[in-house]
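Just below sit the structures, each encoded as structure tokens.
Consider the two complexes below, in which subunit A is the common component and subunit B and subunit C are the respective partners.
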Partner chain A sequence: MYTLLIVQLAVSGALMGMVYALIAYGFQLTFATSKSINFGQGELVMLSALFSLTLIDSGLPYWLVVPGGMLFGVILGLFVERAAVRLSLEQKGEGWILLTIILGLLGFSAAENIWGRDDRPFPTPIPSDPLHFFGIDVTPLELSVAIGVLTVMGLVELFKRKTLLGKAFEAVSADRDAAQLMGISATRTIQLSYGLSGLVAAMAGILVAPITTVGPTMASVLILKAFSVAVVAGLDSGFGVVLIGLFLGALESLTSFYLGSGWREAPGLVLLILALAVRPNGVFGKASIRKV
Partner chain B sequence: MKKTMLAALTMSLFTLQAYAADTVKIALTGPFTGGSAPMGVSMRDGAKLAIDEINRAGGIQVGTQKMKIEVIERDDEAKNERGALIAQELASMNDLAGVIGTVNTGVCLAGDKYFQEKGITKIITPAAGSASMTQWSKAGVKDLSIFRFSADDGIQAAMVVEEAISRKLTKVAIIHDSTNYGVSGRDDLLNQIKLQGNKLQVVATEKFNIGDKDMTAQLLKAKLGGAQAILIWGIGPELAAVSNGMAKLSLKAPLIGGWTLSMSNFIDNAGKNGNGTLMPQTFIEDPITPKARNFIDSYHKAYGVDRIPSPMSAAEGYDAVYVFAAAVKQAKSTDTHKIKDALEDLREPVKGVIATWKQPYAKWDPANEQTHEAFRRNQVVMGMVQDGRVAFANKADRQRLMKGAGK
Partner chain C sequence: MWKRLLLIRGAELAALALLAAIPLMVDNSYVLGLLTLLAIYGILLIGLDVTVGYLGQVNLAHAAFLGLGAYAAGLSVAHFDFGMLAALAMALGVGVLFGTLLAFPALRLEGPQFALATLSFSALSATTLNEWEGLTLGAQGLQVTRPAFLGMTLDAPGFFWLCLLLLALVWLAMRNLLSSQWGRAFEALRDSPIATDAMGVGTYRHKVAGFALCSGLGGLAGGLYAFNFQYLQPQSFGWDLMVILLLGVVLGGRKSLWGALVGASLIALLPNLLSNRELFQVISAIGLLVALAAGGQGLLKKTTRPFQALAPVVAMGILMAGSLIVENTEDWRKAIFALMLFSVVVGLPEGLMGFAARFLTGLFHIDPPPLPAPASLDAVLPKRVVDGGALLELRGLERYFGGVKAVDGVSMTVRAGEIHGLIGPNGSGKSTAVNVISGLYVPTGGDILLRGKPLPAGSLFKVARTGVARTFQNLQLFGELSALDNVMVALKDVYRSPLPLVLLGFAKGEEKRAGAAALALLELVGLQAQARTRARDLTYGDQRFLEIARALARKPELLILDEPAAGLAHPDVTKLTEIIKRIHERGISIILIEHHMDVISELCSVVTVLDGGRIIAAGTAEQVKRDPKVIEAYLGMSDDSADAAAPALAG
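Showing the complex of A and B:
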């Protein structure tokens, strides 16, 4: 009974952790190519979810809503790159930090004005009746999160490894200047990474929305956790975020059970501090060698 | 040209002032956006329905003239600090007759002191947390201008505990949110369990934060302790997360809690998992009396809905306006201090949609908050969520109210 309890807690938490992992993966994608990240990534998650809700309300079937929402995410991602990142990267400045934060705030206000401040349910055809596996309760909804996260990440990784564009992506990630000398356009590749990052954010929003409900503040907690996951795993660790995401989710769930529900947010922050103190490049990160 | 404009401007200024003196200024405050919005918006809209009815009939008879009601609306967003700012702003108005509203107990605690300082009459509705009235009795205030028009948590907690005992349950878990409302609700529940003879064993006391969606840990503690019912104090979206979490863990125990379980954002987000949830209600959207039918129909028509987001808040807002208007009439003045005195000794019964209010308040006695509380136990019934609406949990209550109205 007791071990079952621990497993149940860990599984429930870990499934939520998958969402942290997917959002963290979005950070990684842009960091790999441009060494910049979108601090307004949470707003991308939220805006895409709200947009998808509008699509559902307009009567579109779910299987069309998902690609629709993802396309919206891609457009947002491209917009962030063009409006906030490109120029400051060209000038080798750090302006993107402030600009992405500002764009995020703008997105937040826009969402409040367009969709209102209320949390709303996100209808989904996936049932929420629990399934029982060896005495553990899991809802198909939670499973859909896990499957969705792994599928999207798998497809993006496949794209990076198997297609020409993807190889360009890897090349720019490895060494931007060298890739550029080989005739690969770094600007285009960075653009691509922001588009992909937007797609991943939208997917995260659509997957998590039926569980968390949809509203302007839906991603504010998620994004902090995702950031912890990205930093703890290492900003260039690939699938490392999944492991750390699972771990953090399970840890949170167990902490709130054993230490009390008030301590729920603590493990993420402790992990972040530990990682920065002991392994600043992340648990799965490669130590960067700076050649002068 | 310039002169005529100036003249016109001064003229309009004068007429504006003259106009202001002819109206009864009432402020409606509450959260009209955010997680508490169903309560705030329903309260406001219910109150405005009553105000429209009064104004259409020519206004309130104040002494020798009829005065229309003028509304000032303020959205406190359920935030304590915004509530405090709004209270300061309203308290600085000289011609304000009174304030009706506030949904969140924390907002009451943050803002009401500014009204009390100036002696501005305020009717709290529908905030239910005990602390918003006990803060004044604890401080030993001699003269209080704050009244409440909602079933306080003391009554509600008593009913919740009664319900659990009457179902012959012995083990319960208490889950609450970490706001002033949730914490004071937990204390009320624990207190009531003691008062009603310690028949319930509390196997777990757990809390959650606003915005939490995963309640697995809290619910597992309840399940592990063998809880036969979950007693809960929180607001809509998180309550729904608890209800959904219970379905996930196959925790088949009744969810019984404060009246917030009737909020539309609980009912909608919990869906079918919310069925059977029990909570105390002062008004149920069921046209059992002609007065109730009239109120429900005009609400639906005026705001284009087929379900009131929070029926109880709407009805309380509606009745509170009529009680306030009766006090203005009796005071023969728009002076907020005289209205307060009239409220404490309301001679004429006020026919409301919830009940006929006979002397709802008495002179404030710091030893007894009930002097400024309008609701008693018999005006509150148990409601139950049933397919997206709140219905009477006990047929007997429905019969009793129908008969009562017939008399």
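Showing the complex of A and C:
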């Protein structure tokens, strides 16, 4: 029985870890084109989820809420790029770190005042009665998270590989200057990557909302773990984030069981610091050559 | 000179005296509380400015260090019965200890990774303070008693004076430190870590020291914080406070003690400013006017981009509108911080004090401190006796990148006293070879010997310390530092004072000597008139010359010049040739990588030609110019047209 309990905890945790992986994937998208990430990405997740909740409350069917929420995420992503990132990239500085933190704070405050400080449930048509696999309970809700995450990541990858716009994306990721000389606008592509990153964040918010409930603070711990996943896997690791996401999700679930739920964030944070110290490019990342 | 000293020191003394006198004039515990908080925040922000301003990194752990220091002080009183001074020393020590521990993993990190490492650390420290209930009592909070100070029980004014005294001491020590080699090294590290190592300054110790210092001050402020409020809760040291601290440093002005003080006053007063609606309306109106004025001026003079001028106006406009609509401003405090921070970061990156300092120096006609008289070149770069022996030997040097053999078995000898030309078409491996010799890359195989002893492999810093100096093809100057500081920071064998003496201000003598020596080197490359100009404001040619002067500050035996004439206009090329000749006259051996064949012909006694990572020819400039293999490598021609190609190469 005891092993079964451990496996059960690990599986549930790993499925939650898929959400971290999806948010981390959003970091990868912008990092690829611009070497920058949105430190306020958690607020993007949260705002999109709250917006989707408002759509549900206004009576929209679920299959319309999802694209609506994602569109909102795209708009937020584009706003972040315009307001916080573009200027400092033009100046070749790192002002975007501070500026994206600031926009996140603005978003947080707006959410507190528009939607209130309380956590609210997020209705979903997907049932939460557990299914049994070899003695382990998995709810369709948890499964929907895993399926949703893989679908979104797969679609974005398909877009990058099969469309002309996606090829431009890859070109800018490989070499921004060379791409620009070939007539690809790096600014437009970075904009696109922030839009996609916003879309992915919104999807993560909608997927996780039924499990965690929705409120201004819903993403504040989520985002720390997404950072951990992104850094431990490597910011250019592609699907590596999924493996690390599964691992970290399981690890924190077990930590919470053995040490108490207050410590559940600790392993991710320790791993992040260790990864930065030992392998700054991540487990699956490529080491870069310093050029002078 | 005296005017400068009088005004600047006078302003400091006046501010200190005013702050100290307020409790004598006003008997108001509320005002006293604010003043105490101001002094504590002052120490805290001076610390934060070391990483945010001087090291140029976004540090998100400072609130956590305040918390660690506060708990360390509080617990050491509760459990070990420490006095005030011992408890404060404990708080400082805990800050330094954890700062050093965090600095080690954060060492190699830049920008976003550094921010993430500090963010994780602060989240981890919050978790620990919350969950380790046996020690900290967790969310329930910890009661702290204010211990006696040298046997005296301090009342509120007494404690304020203690905080103020500590602020003054920290101010003095930091002023001494930051105007010394340490301050320069911090800034050098921010502008180019690679050059910091290549100039023998050392990124390693300075980054650790800078971060430990910053965290130590955070801890010390934490100790004072604990004895001021006498009640600690983990959530006081979280994200909210961190954002407020960043607001203080950025708004006050980075790289400035006064900026930290102004920032500290603002954030100490902030809760009051926000809670009074009328006052807040006035403030946002002022903010909007400033944004409009600054943005308009910037647009008219075309010094700022449209976004930089407009975005703060929009942000301040929203703030103004919000202040008129919103009933309870307290609810929106985070948004208010965000809008203010956003406007400052975008529109006024130098902060209030940066702006005020420029304005005041103009108003009072304060001249920059006078330059010392240049030292004699013979004292700075004594003539080396040249024996013609083997100085640098490469034996089968290899460096592969994956399957690319950038350097593929190069063996050559540079003799003492020669100018050794290293030429070859683009991609022939010249720069890679230099990068391996100077320690940027670890060689894949082969040996590098300097005077028969192996050169340290793969460490710019260690190679720089052996007497090999280099310049960079793509300039690696410390852009924000003046030309003089660029040379001073690299200067070898001058800075001997240990840290405590520097903090006490006893390193001024060696500063003077360093300045004089650096000026002599600037004179050598013809830049003495631009000594106070920021490196990034120099013309392109002057930047190249500054790189050479900076490399000479290492007093090298071997100087490696990586394409020093690239992109130079013709008069500058002539000047460069003269400079290299003068350097050579001092007995310094030179490896010169160049594409200008006339420069090579004029200067080099020996020339080695690389192609595809291998040596294809060696000899005098005339010999290699006529070598068919060389001509083919450059022009891709066969042997019989060699004579026709030779003049083309000569150009």
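Going forward, the second predicted complex is superposed on the first by the 287 of 292 C-alpha atoms of A that agree within 3 Å, B and C clash if a C-alpha of one lies under 4 Å from a C-alpha of the other, contacts with A are read in each partner's own complex, and residues count from 1 in each chain.
Definition applied: contacts are C-beta pairs under 8 Å (C-beta built on N, C-alpha and C of every residue); 3 or more make two chains touch, one makes a residue touch a chain.
The structure presented is a predicted model; accordingly, all values stated were derived computationally and were not measured.
*Asks:* Overlaying the two complexes on subunit A, which is it for subunit B and subunit C: clash or fit?
*Replies:* They fit side by side.
*Asks:* Examine A:121 and indicate which partner it touches, taking first as subunit B and second as subunit C; both and neither are also allowed.
*Replies:* First partner only, subunit B.
*Asks:* According to the contact criterion defined above, which of subunit B and subunit C contacts more residues of subunit A?
*Replies:* C
*Asks:* Just to be sure I read the superposition right, which of the two partners does A:39 touch: subunit B = first, subunit C = second, or both, or neither?
*Replies:* Only subunit C; A:39 stays clear of subunit B.
*Asks:* Looking at the overlay, what does A:130 touch: subunit B (first), subunit C (second), both, or neither?
*Replies:* Only subunit B is touched by A:130; subunit C is not.
*Asks:* Figure out whether A:262 sits in contact with subunit B (first) or subunit C (second), or with both, or with neither.
*Replies:* Both partners, subunit B and subunit C.
*Asks:* What is the value, to the nearest 10 degrees, of the angle subtended at the Cα centroid of subunit A by the Cα centroids of subunit B and subunit C?
*Replies:* Once the structures are overlaid on A, subunit A sees subunit B and subunit C at 100 degrees.
*Asks:* Of the two partner chains, subunit B (first) and subunit C (second), which one does A:16 touch, if any: first, second, both, or neither?
*Replies:* first
*Asks:* If you stack the two complexes on chain A, which partner ends up touching A:108: first (subunit B), second (subunit C), both, or neither?
*Replies:* second
*Asks:* Considering only touches as defined above, state whether A:86 meets subunit B (first), subunit C (second), both or neither.
*Replies:* A:86 sits against subunit C, while subunit B stays out of touch.
*Asks:* So if I take every C-alpha atom in subunit B and every one in subunit C after superposing, what is the smallest distance between them in Å?
*Replies:* Minimum C-alpha separation, subunit B to subunit C, in the superposed model is 6 Å.
*Asks:* Can you give me the overlap between the subunit B contact set and the subunit C contact set on subunit A?
*Replies:* After superposing on chain A, subunit A residues 220, 262 contact both subunit B and subunit C.
*Asks:* Once bound in the complex, which stretches of subunit C touch subunit A?
*Replies:* For this pair, the touching residues of subunit C are 56, 58, 102, 104-109, 111-113, 115-117, 119-121, 123-124, 127, 130-131, 194, 239, 243, 246, 250, 305, 307-308, 311, 331-339, 341-342, 345-346, 349, 401, 431, 435, 440, 472-474, 476.
*Asks:* Which bits of subunit B are touching subunit A when the two form their complex?
*Replies:* 33-35, 37, 178, 206-209, 211-214, 216-218, 220-221, 224, 237, 240, 244, 247-250, 265, 268-269, 271, 273
*Asks:* For a test of understanding, state which residues of subunit A touch subunit B in their complex under the given definition.
*Replies:* 5, 8-9, 12-13, 16, 116-121, 128-130, 132, 137-139, 211-213, 217, 220-221, 253-254, 256-257, 261-262, 264
*Asks:* Would you tell me which residues of subunit A are touching subunit C in their complex?
*Replies:* 36-37, 39, 83, 86-87, 90, 94-95, 97-99, 101-103, 105-106, 108-110, 112-113, 220, 224, 227-228, 231, 260, 262-263, 265-266, 269-270, 272-274, 276-277, 280, 289-292
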